[in-house]
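The chains carry the letters A, B and C, assigned in the order they are written, with residues numbered from 1 in each.
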Amino acid sequence: MEKVNVKDKEIVVPGEVVAVGMSYLPGQGIYRKGDSLIASLLGLVRIEGKVIKILPVSGKYLPKRGDVIIGKVKDINFSGWSVQTNSAYPAMLSMKDGSSDFIRRGADLTRYFNIGDYLVTKIYNVTSQNLIDLTMKGPGLRKLEGGRILHVSPSKVPRIIGKQGSMVSMIKKAANCNVIVGQNGVVWIKGADPKDEILTVETILKIEKESHISGLTDRIKGFLESKGKKVTGE
Amino acid sequence: MSNEIRGHILNYLKNKVRYDGRKLEEYRKVSVETGVSKTAEGSAKVTIGETVVMAGVKFEVGEPYPDIPEEGTMMVNAELLPMSNPEFESGPPGIESIELARVVDRGIRESKAIDTKKLCIKAGELVWTVIIDLIPINHAGNLFDAFALAAMLAIKDAKFPEIKNKQIDYKKLTSKKLPLLVEPVSVTVIKIGDHLIVDPLLEEEKVLDARLTVATLPDGTICALQKGGSKPLSQEEIEKMIDLATEKAKELRKHLR
Amino acid sequence: MAYKKRLDGRKFDELRKIDAKVGIIKNADGSAYFRIGKTVAYAAVYGPRDLYPKFLQDPKKGILRCNYNMMPFSGAGNRVRPGPSRRSREISYVTENALSPVVNLEDFPNAVVDVFIELPQTDAGSRCAGICAASMALADAGIIMKDLVSAVAVGIVDGQICVDLNYDEEAHEEGDVADVPVAFIPSTGEFSLLQMDGKIKKKDLMKALEMGKKAAQTIIDVQRKALKAKFEVDNNE
């Protein structure tokens, strides 16, 4: 007999049989064994017609081509910069992708980016061995000056950004801070007043903790208002 | 960027606020629990904000040192487990854990908290050794104060095991507690730029100029000091730091009950 | 004289009291606490992350690396000397083998997932408690795994088959005593850890394994519940 054992948006754990029947199809985080569909990830079940998948709630960042991330310069070598990406792998930013200037061989690369600098950068290639190539050529890609860094679970990034950036722009306006959310879960926050930055950190951590519960936007709005902030339309 | 993070933290401190929204001289929430390990003769868990540490006391018996035939001994050991912080690696104790253990050791030893003369079973032949092991579960800053508090709590929780034919029967604990004379409390004051703060976060520890760990007794007597960090301190600063540490020790002392 | 009544009054197929919690170590990518009777295990997972030295890397998939350690005050008798011992290294190794069959690290070539298992107090069954905690911590870290693993010791005490032996039972002096720690993968019905010391007849071993399977199912339910409990945030705060 065919049946689905779980409700949409329910939390499931690895090994749980989410559905029985050949007409259901396994999506992300689900595998088939006989006629059963079994979870292989901790996360939220999504039932989309006949496809059942799991949205992860934790896990390291998996690099994807085209993603804009925030990385930290870890090392400098003769051909460019090695960048920490909060994934299992370091990334390379080569001299030619690091700047639109022509950088001559043997130039002092620390003049561009130094060890410890945080960069808003874009992944332009991921090899089969997960080696990551980065570029600084593109709108908004730059070295970050000042501000503070916050690490969140990469799986929560879509909720922190919100639909068409609605969530993050609500926070930015209400807390009067500049916020950049990297797809790798690294967030940069800069405001004129430390108190605004602290509120922004609190708000983002609240989203990270409660993103799986419905009514998130209203709750965050209420939270910001409770802190005496004016929240304007999305 | 570590320079930039430092500058950023300094900017917060100028505005009289910490990275996590605290005041400069404000401790995070502290909670303590004793008897957390049934296999230890005494144990405690201390939580300061997101920092969690454990301390356990084990008794051993052995021959006394020849120069103090009527006294038992104590030893403090710290292991910075890789479980507690992604930056810690497996392996023998590094200088960081050695310093932590020795600073906690000095606070207890030099204040004569444990009456080692009462740890003698038979003069010249058999004495107790008290071993205090300190373990971080989650390291989010301020291990010095957390370890020192956990050590004292575990010592206060400890009960002697029974002893038969010079052998310890660990299964049978007596109701006898460790002979305590005084109870030292340690507070570490951190200097970043011109600012003095207590109970540092990891981020703050990474950019500190100097730190001073001060172990004190209830009457304000100082029983151990350790200065850390690469920058020197003026006498005026030392005085301020000791005053702040003594003041904060009163708050921490409440958790010793 | 046969073993008619267990020393702590449990039924022969009854586990000691179990308690489990997830997400207790904030710095870790995944973490868990598992307690069975007086045996307590913490597990923290870090990774997938860079693996050095490079010769340890596997270009086809990530590596699972487990580290089992007893805290110095966690033994029933003398203080346990800090640092790895032959015993802890062997247990780390069999723990890796117990967990590897369910863990899929194909997306992470050359990387490592580190699992640190720490025991603050033990009363037999510490490797099993460690495996239970580790398997929850791996799930908490978002690692792809086809199932959770649960582990428990079964065995025989003076002719009586029992589950989840405590230290006193392991040390029972009359008749044959055997201690058989097993790890069990419920979805496949397979065992991924099997060790034994003592003496047992094959027929009794098979019965003991059967008892272990049932006990493992009880443990799995506790593990699952603990993982889900992490997401029950109070809506009215």
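Observations, loosely collected:
Here is the rule we use: a residue touches a chain if its C-beta (ideal position, glycine included) is under 8 Å from a C-beta of that chain, and two chains touch if they have at least 3 such contacts.
Being a predicted model, the structure only gives us computed values, none of them experimental.
Of all chains, the one whose Cα centroid sits at the greatest distance from that of subunit A is B.
Here A-B and B-C were compared by C-beta pairs in contact; the pair with more is B-C. Averaging Cα coordinates per chain places subunit B and subunit C 31 Å apart.
Spacing of subunit A relative to subunit B, judged by their CA centroids, is 38 angstrom. The set of subunit B residues that touch two or more partner chains is empty.
Within subunit C, contacts with two or more other chains are made by residues 49. On the subunit C side of its complex with subunit A, the touching residues are 29-30, 47-50, 59, 62, 102, 104, 107-111, 139-148, 186-187, 220, 223-224, 227-228, 231, 233, 235. Residues 72-73, 114-118, 145-149, 193-195, 198, 202 of subunit A are the ones that touch subunit B when the two sit in their complex.
Interface residues of subunit B, counted against subunit A in their complex, comprise 1-5, 7-8, 11-12, 15, 17, 19-21.
The residues of subunit A lying in touch with subunit C in their complex are 11, 13-16, 29, 31, 33, 38, 40-43, 56-60, 62, 88-90, 129-130, 153, 155, 209-210, 212-213.
Only residues 36-41, 43, 50, 52, 54, 56-58, 60, 77, 79, 81-86, 90, 92-93, 131, 133, 135, 137-140, 168, 170-171 of subunit B touch subunit C when the two sit together in their complex.
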